[in-house]
Structure formats: C-alpha cells, structure tokens
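Chain IDs A, B, C and D follow the sequence of writing; residue 1 opens each chain.
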Amino acid sequence: MEVGFVGLGNMGLPMARNLLRAGHRVRAWNRTPERVEALVADGAQRAASPAEAAGAGVVFTMLADDAATLAVLGGPDGLLAGLPKGGIHVAASTLGVPFSRRLAELHRERGQQYVAAPVFGRPAVAEQGGLRVVVAGPVEAVERVRPLFRALGPEVFVVGDAAYLAHAVKLAGNFVMTSMMEALCESLVLVEKTGVERERFAEVLNAIFRSPLVESYCGLLLERRFEQPAFRFRLGLKDIRLVLETADETTTPLPLADLIRQHALEGMARGMGELDFTALLRIVEAHAGVDGRTEAAQGEPPR
Amino acid sequence: MEVGFVGLGNMGLPMARNLLRAGHRVRAWNRTPERVEALVADGAQRAASPAEAAGAGVVFTMLADDAATLAVLGGPDGLLAGLPKGGIHVAASTLGVPFSRRLAELHRERGQQYVAAPVFGRPAVAEQGGLRVVVAGPVEAVERVRPLFRALGPEVFVVGDAAYLAHAVKLAGNFVMTSMMEALCESLVLVEKTGVERERFAEVLNAIFRSPLVESYCGLLLERRFEQPAFRFRLGLKDIRLVLETADETTTPLPLADLIRQHALEGMARGMGELDFTALLRIVEAHAGVDGRTEAAQGEPPR
Amino acid sequence: MEVGFVGLGNMGLPMARNLLRAGHRVRAWNRTPERVEALVADGAQRAASPAEAAGAGVVFTMLADDAATLAVLGGPDGLLAGLPKGGIHVAASTLGVPFSRRLAELHRERGQQYVAAPVFGRPAVAEQGGLRVVVAGPVEAVERVRPLFRALGPEVFVVGDAAYLAHAVKLAGNFVMTSMMEALCESLVLVEKTGVERERFAEVLNAIFRSPLVESYCGLLLERRFEQPAFRFRLGLKDIRLVLETADETTTPLPLADLIRQHALEGMARGMGELDFTALLRIVEAHAGVDGRTEAAQGEPPR
Amino acid sequence: MEVGFVGLGNMGLPMARNLLRAGHRVRAWNRTPERVEALVADGAQRAASPAEAAGAGVVFTMLADDAATLAVLGGPDGLLAGLPKGGIHVAASTLGVPFSRRLAELHRERGQQYVAAPVFGRPAVAEQGGLRVVVAGPVEAVERVRPLFRALGPEVFVVGDAAYLAHAVKLAGNFVMTSMMEALCESLVLVEKTGVERERFAEVLNAIFRSPLVESYCGLLLERRFEQPAFRFRLGLKDIRLVLETADETTTPLPLADLIRQHALEGMARGMGELDFTALLRIVEAHAGVDGRTEAAQGEPPR
C-alpha cells in the first residue's frame, strides 16, 4: 500500500520505518527535513509538502499536539489540499477531543475520510513494532487502513466509529497511567519517611502488580533520570489539560486529574518543563520536606 | 514445627490449612469455635484459648484489625500470658503502625519476640498458597519462622528489622492499589460520558498494564458485584485511615489518600459499608450524574 | 455626559437608570427591545443598534459573558463600527482575562479606548447605587469616565492601567466569595451531623466575621431559596472556569478552585444549572448522606 | 462569685484579670508559677494546685490542648479531686469533641458539672473583654456561670445542652476562618502572577466583605509577620486535625479541611511549626514558584 507520513519525531520515525519494513511505500515529510534523510535511506520517498505526502491517498500524522497538526493542514501545500476525495487521514498523535471532532468535520466537508489511531508505547516500543493502536472512525475506512496497523504493533483496539472516541480513550488511558505515577510518588515518599528503603517497597509493589509498565515506572522513579527526558514534563501537563478539557465538556468531575494538574503546574512554575515527567517525584518530595539530595549528581539540585 | 494460629476468618483459615499441609503442627483458636472444626478435620489441634495456642512457642494472629488483635492479647487466657519467653508472635493482619510499635513494646517487656508478616492476596489466593508475605522483625526471629512462610506463598519480602516497617509497607501497598481503583472508576465514567463503551476501554487498559491485578479490578468494576463483598467497603475505609494515620505521624501530605477517604466516607454515609469496596464506582458515578441503572438487577439501586 | 448602554439585564437596567438619575444622557440598546421601554420612560433615548449606542462616544456593555459581548461588537451595526476614534468602551461585565486582552487589542487597532470596569454587588445593590467598581485601563481614559462611576456606587478601585487587570481582580474576588460559600456549606453540614442546629452556628459565625456578605450567605443557605435564583448555578461554574483559565495561563495551582469546580460540575451533572448557586449546599449534603428534606416544600427534592 | 482559674497563658491571663475586674474572687494556678504573680498583684489568690483552684466551686481551664487539660485533672492535687460535688468545671480551651465527651463523663461520675465555653478572639481581644463565648452544658449549670461570661465578652452563644457541642462549634468556626485564610493566600498569589499588586486586591476584598476579621487577615498576609507568631502554625495544624477527627467520627467528608491539612503538614515538614499560621502563604507561594523575597528582612528566607 502507498502511504504518506507527516511528522518524523521520536515516535513517527520508527513508525514510518516499520511501515517500510512491512512492504508499504512511504512518502515522508517533516518540518525539519534532516529527519527525512534516514528514512530515505530505508527506501522512503521524500515528499516536498504535507500535500504531496497526502497525495498517496492515505496519510498518517504523528505530531506533537493540536497546534502542530493544525499547522500542516491548511494552504495549498497542506494535507487538506493534497488528500484526494475518498482519501484517508490517519491521526496517530494524542489530540484533544474537540480538535479531533473538528478534524472530522474538515475532512467530511471535503469528501475525505478521517481515522483516529493514537498509540500507546514509548519510542523504544515503537521501534520494536510493539505499539498498542487505539482506532476509531467509519468502519469502511478503518478496514482499509487496518493492514497498516499490523506493522506498528501486535494489537489494534477499535473503540467506536466516531473518530474522536479513540482520542478520548488515549487521553483516559494516559490519565490512568499518570495516576499510577502520582500514587507511586506519594507512597515512595511515605514509606521512606516511615523508615523503609524505597527499593524494598518497589519490590513488593512489583510482586503485587506484576505489570511491566508499573515496573518501568518504579525503575525510573528510583533511578531519578529526570535530566534524561523520555516524556517531557510539559507534555504531561498538556495531556492532563486535554483530559480535563474532555471532563469539562462532558460535565464529569475528575478530582484525581485535578490533583495531578496541581502538581504539574507547580512543576512548571518551578522550571521543570523540560525534565522527564517522572520528576513529579520532586514535587511530592518537596511537599514532604524530603530534599532528594541523592539526585544531585545527575543534574540540577531540586528546589 | 509446632505453631499456634489465632483467627480463622476468610484469610486465616486457608493460611492455617496450608501450614498443616506443609507438615507443621497447628494449635488453632477462633473467637467463634465453629470455624475451628474444619481445621481439626484437617489435623489441627483445638486450643482452648489464645494462651494455649501461643504455648506452641510460635503463634500467628490473623484478625480483622487493631482492636480485634488487642482483644486476644491480655488476661490469663491471652496470647501474652501463654507465649513462652523467647517465643515468637507473628502478626499477619493489616495493623496500624502505632499499634504495631506498641505490640513490639509489649513483647519486648516480656522477653518475647515479635515479627510482623502482613500478606497481599485475597482468600482465593491464600487457598492456593499464593500470598506475598511482607516481613519485618529481629533478624534471628525472622529466620526462625521463615520456613513457615513458604507454606503461605512463593515470595517473602523482608523490609527491615523493626517489625512495624512491614505494616507500613502493607498499608502503603494497599494505598497504591486503592489509588488504582479510584483512577479506574474516574476514567471508566469519563469514557462512558464521552461515548465509549466501558468494556472497550478496559481492554485497552489491560493491554497497557498487562497486570493480573488491574485486570481483576477492571473485571469487578464492569461486573458490579457490589453485593457480593470480597473486601468490604468499611475495611477499605479502615485501611485508608491507617495509611493517613502514618502519614500524619510522619508529617507526609498524601493528597491522593485524602481524596479516596472523602469518597470512602461518602460511601459510608450512604450506607454502603457492607458492600464490596469496588462500589466506590457508585460514588464516582453519582458525582457525574450517571445513575448506574445497569446494576439494579444485582441488588439495591444506587442512590 | 452622553453615554451609550448595551445590555439591560438584571444588573444593566438599574445601572443605566442610575446614570440617568445622575443627569447623564443615555442611549440604550438591548437584544430584546422590551427591556428598553422602562428606561425610555425614565428619559433614555432608544438606540437602534450597538453601533448607535456607541456613537455617544462612551459606551458601557453589561452582558452575560465573553460570547454575549463578542456578539455586539462586529458588523456594521456593531459597537466597534459605531464607536468614534478616541471613544471609550467601558466593559462592566465579568469577562475572562484572555478575552479582555483581546478586547483591548480590537479597540487599539481602531484608535479607540478600552476601560474594564466590572462591578461587585447584586441587582438590589445596583438599584441603590451601591456597587463597588473595579477599574483598569489607560489613565487618561479612566479619568474621563470616572464621573460616570459615581452614579453606580460609592467606591471605585483603580487596579492598574492594563484593562484586563480589573477583570482578573473581579474573578479573584468572586473566587474568594465562592470559597467562603464552600466553607459555609461544609461547616454547616458538619455541625449538624455533630448535633448542633445550623442556626446556632450561623449566629456564631456572624459574630466572628461581622460581614454583611457572610451574613447574607448564611441567610441564603439557611433559607434554601435554591428555586429562586439570584445568581444561577451555571454562572457560578462559568466564573470558576474563568478563574481557572487565568490560573492555568499564569501557571498558578489553585486547589481550592479545583475543589469548587468539582462540586459545581457535579451540580450541573445533576441538573442544577438553573438553581441558585447556593444549591452548592445540596452537593455537600449529598456527600455526607444528609438528605435535606426540609427543602421539599420549596421545589424539587434533592437527589 | 468565687472562681478558680487554671492556665494563665496569653489567653488565660487577661481572661482571669477581667474576672477580677468584674468583682469576682479568683484563685489562680499555673504550671509555671511566675505567671501567677502579675495576677496576684491584681488581687487574685494563689492556688497551690489545680485541686485548690477547683475548691472555689467553679473552675475555669484555659490550656493548650487535650493533653494539657488532661494533665491537670488527675491525682490528689488534680482538678477532679478538688472540685466539690455540684461544682462546675468551665473548659474554655479549644478541645477535641471526643475528649470533651470524656470530660463530661469524668465529671458525671463524680457528681460534678461540666460546661464547655470555648472563646473566639485573640489575646488583644481578650484583654479588652471582647471575646465571643460559645457555651454548652446542662441548662442549670450554664445559668449559674453565665454572669462570669459577661466579664469576658459582650456576647454569649448557647448552642446546646451537651457540652461537647460548644467545642464542635468552636472547631467548625476555626475551620471557616482557616478556609478564608487559604482562599486569601491562593487569590493573592493569583492576582500577583496576573500583574495586580496584592495591596490593590486586598482593598477590593475589604470593600466586598467589610469584615474586621478579613481585614486583619489581609493585613497580616501583606505584612508577612511570620516570625512574630500570634497563633502558631503547629496549633493551626492541631485545630485542623481536631475538626477532621470530628468529621471522621460523624462520617462527614470535608475536602476543604483536607486541603488545608495538606498545606499545614507541608509547613510542618518544612520546619515552620513555630511561625505564625499566616505563613501558610509561603506554602501557596512555593507551589506557584513565587519566592516571596520581600520577606527576607524579617527573618528566615522561605525555601
């Protein structure tokens, strides 16, 4: 199948490469063109614009947020102009629900199709083709692009035929993951103040949850790799804002999300935006009067 | 080894039985003597009092809470009177940290040993010998009773040599589990209000966490078995109170625990104390104006 | 002075009337023209459009929210088209800070002046000329319209020369007032559950605070006039959203505002949008299992 | 009337002095006897023990907390031993509700009477005889001691005939006051981050509330007299704990009190226990990344 790919960041590049490896032809475009080189070496075709990428008839976007996605849509070089009637836009980014609805509208007006397909998994997981893809959109369009998802990961979850539903699921899933992070931070600080080594507690938690995800979270919190961001703090705040936007729109109180936003805002106010999101631990430590000295060797001392 | 066992409830009975099966001799006592019968059929000896059970030299307690444990300690028939000098009390219940400290003191005064060994796992897991045992106490005492733990579960976690540390770990672990429950409740309600079926979202969550525990929680929340309590609501509130007691004592703010306590208090105020703790979902639904009609067939309609 | 007045609601009508009484000439416009009649009887001139009202050179707007204000600005009949160069728009509504900034921009582009002048006080206070006016804008423009404020209330507070600052102060003031309401609801329920009559507690509070505002809040909460809205529940939620919008924009955690928003969202989800905002008490009562039967005579029973 | 007075701290001393001035005879006792001297100069009689003070037939206690009150009760020199049958203990301290119930029990067993009479007002107010006295207890006993209250302040509020109700009202009143403090802290930080001077905002708030109490709170928060404690931070935490104890006992969720406790615990964890409670502002500032430099001249820099 021929497919366009717009956005070759830490996630987009390995995803596009896996499409190539699975035998699909890929027309790639990126805002900073250097990122396209590596992919061309793997057999991709360079697209001169989002419009040209969209000319493939099916086009993925994998961009930072609503604004970055909006930026590739309009104008004569934009995705909307280049996608043929009946063509399909597959939005793999984490987008807000109202924006996802608006995207559906924009494509409908042009006789184009729109499928939301956000993914769970970090860059390393994307490289191994291990992503979980959450999909929603018109049934027929979803079936047409389904073979492409096989290149990205072992599991595809179709959650509805209105595209924004997939983004709602992605946001709610992120919220549960962040809640787990908050619970780990609070409990690690508590056991330490009671006199237990954090490592001992993490071992017990891993035996209870037996979850690779929880295990990786515990590892990151113990190692304090805050200065080597895999998922930036400011993006964590962005995700919480998006989930609260949907909560507000649907009149759903979400007190746990409010709590996390308070801590995330505090992190931003203390200049932690470019750290890894696990630096949330610093906030919880500061509230308990724990100064986290052990981290000093790895970078900036916590406030 | 000869061992006393005080408290044959849903957890204590299978634990005592597994000690028997592993070849240990067990002197069993329970407040309501009927519970002892079944165990006697399995080869246990009936003890006339906690004191007689403690006469074995090593005695487990597995009782509902601090008060129930306190009730078997004192008087001429009590555990303290019956346990010989150098004997070991193994407290397997979930106890509060200050009470656990007090227990250590009581035994020290009498030249007895005290080991805390709370367990993770539901009754069904206890029957299969699948508990996770968290242990703390004087090294030499822990080593003496360690063979007994092998009968209870595959993994033993020694977290310190002050006994109360094991209870701190147990409480903090429960707190993380309850936080996950709260996050699941909030996110299930959110996705439903956005238009996603709860089952679809649960599938995605299970693919993200790949945790048997999270999977069982999702299952319970979808099935709404609130009227068939495996872990009662009022005990969930008790555990949150104990973790907040420790947080207060160690000057640790624990906002997520406060949030859960608010919801648990509301459940109690609405008469939900004898339901399963997963009925927490009803509270979160009520706040979002979701009336949970689907539950009606299984029991009382939610308020 | 000649002045236009756009928006003759519960607040706007008495404000415009007081301008007339103070000897100013008023050109009045309202979306539903019936509201203008009463004012014409008092000597006002009827304006055919917001543009005609703005032709007076100074024009007040007193409208429900950002959207209603936006709706009178554009087009050939709009306020922007009718206000002469150097003319002054006085925005007396409670507006969001970003929208207030945008208003400043729109007027600057047209060589017009913009003064924010939100007011504190209910309709009855507006009628007595007792409003507190919070003002911000370019010094010279503020001085030109200051005589008009004397007709509205005894006190004018100039808080800065960027107009949006007055709206920020209005929103923050509303937030403090709503926080007091939340504190009153929680404490009234607490004392009742402890066995104290609410009226007795209210008397003590009034002796502590000696504040006419707190006294009026206590009165409303005791009388339960939820079905006779003086300030609608959905507007209370709107105000909390606006203050959280500013908090988010300035990276300020505001946990108390988050808490109130949770309760306000729950009220909306339970269909309370058109009640008085003091119905917040019902939410707090429901959480404590207090069913508020005493209210039954006045309308819908609480859930 | 002859009256004993136990506890001559910042509040007790002026209260006892006002009793003397009103013509009553006072037998005074204090743990550190130096405090009694001043009062003897004013005409008081020195009591050798709480028992001797209680011998007057009516005895006030005005002590720091439950524990300090408990400490003067027992033994041959204690208040319980010295108070004659039919004598009245007037507890003017802020006590916990369960402790107040226990006091009632202790006196009942001995045929003594017990009246709770906690007061609102700072030391300066106590000196001017301006306290508000909240009273509960058996009607006949309350009537006997009522003339004494006239010496303490202009207003007496009888809230029930079970003594602990007065302590419940005192705790709930303190909770509303502390909530106002939290709201002021959050809103002051918000307006400052938006660009408004805190002083300007405080002027507006004072015009809205017209409350001497709110005015004094705003003054303290602007002046940052954290190093000159009028009401210590650790006592503020104590009061919040007592109100939450009652909330827990009556199954009443109190989310605003939980929020304040989180901030108060953080203050304790950061070593602020001996500062004035208004230092709560430092916590709210720290969360917003505001460093409060202006305070430096007055003492320790904030963290």
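A few notes on this one:
Convention: contacts are C-beta pairs under 8 Å (C-beta built on N, C-alpha and C of every residue); 3 or more make two chains touch, one makes a residue touch a chain.
Keep in mind that this is a model prediction, so the values were computed, not measured.
Placing every chain at the mean of its C-alpha atoms, the farthest one from subunit C is found to be B. In terms of C-beta pairs in contact, A-C outnumbers the other of A-C and B-C. For this pair, subunit B with subunit C, the centres built from the Cα atoms lie 52 Å apart.
Separating the CA-averaged centres of subunit A and subunit B is a span of 37 Å. Between subunit A and subunit C, the centres computed from C-alpha atoms are 40 Å apart.
Multi-chain contact residues of subunit B (touching two or more other chains): 247, 251-255, 259, 262, 265-266, 268-269, 287-289.
Contacts from subunit B toward subunit A in the complex involve residues 97, 120, 132, 134, 155, 157-160, 162, 164-165, 168-169, 172-173, 175-177, 179-180, 182-184, 186-187, 189-191, 193-197, 200-201, 203-205, 207-214, 243, 246-247, 250-257, 259, 287-289. Listed in rising order, the residues of subunit C touching subunit B in the complex are 262, 265-266, 268-271, 286-290, 303. Residue ranges of subunit A in contact with subunit C, taken from their complex: 241, 247-248, 251-255, 258-259, 261-263, 265-266, 268-269.
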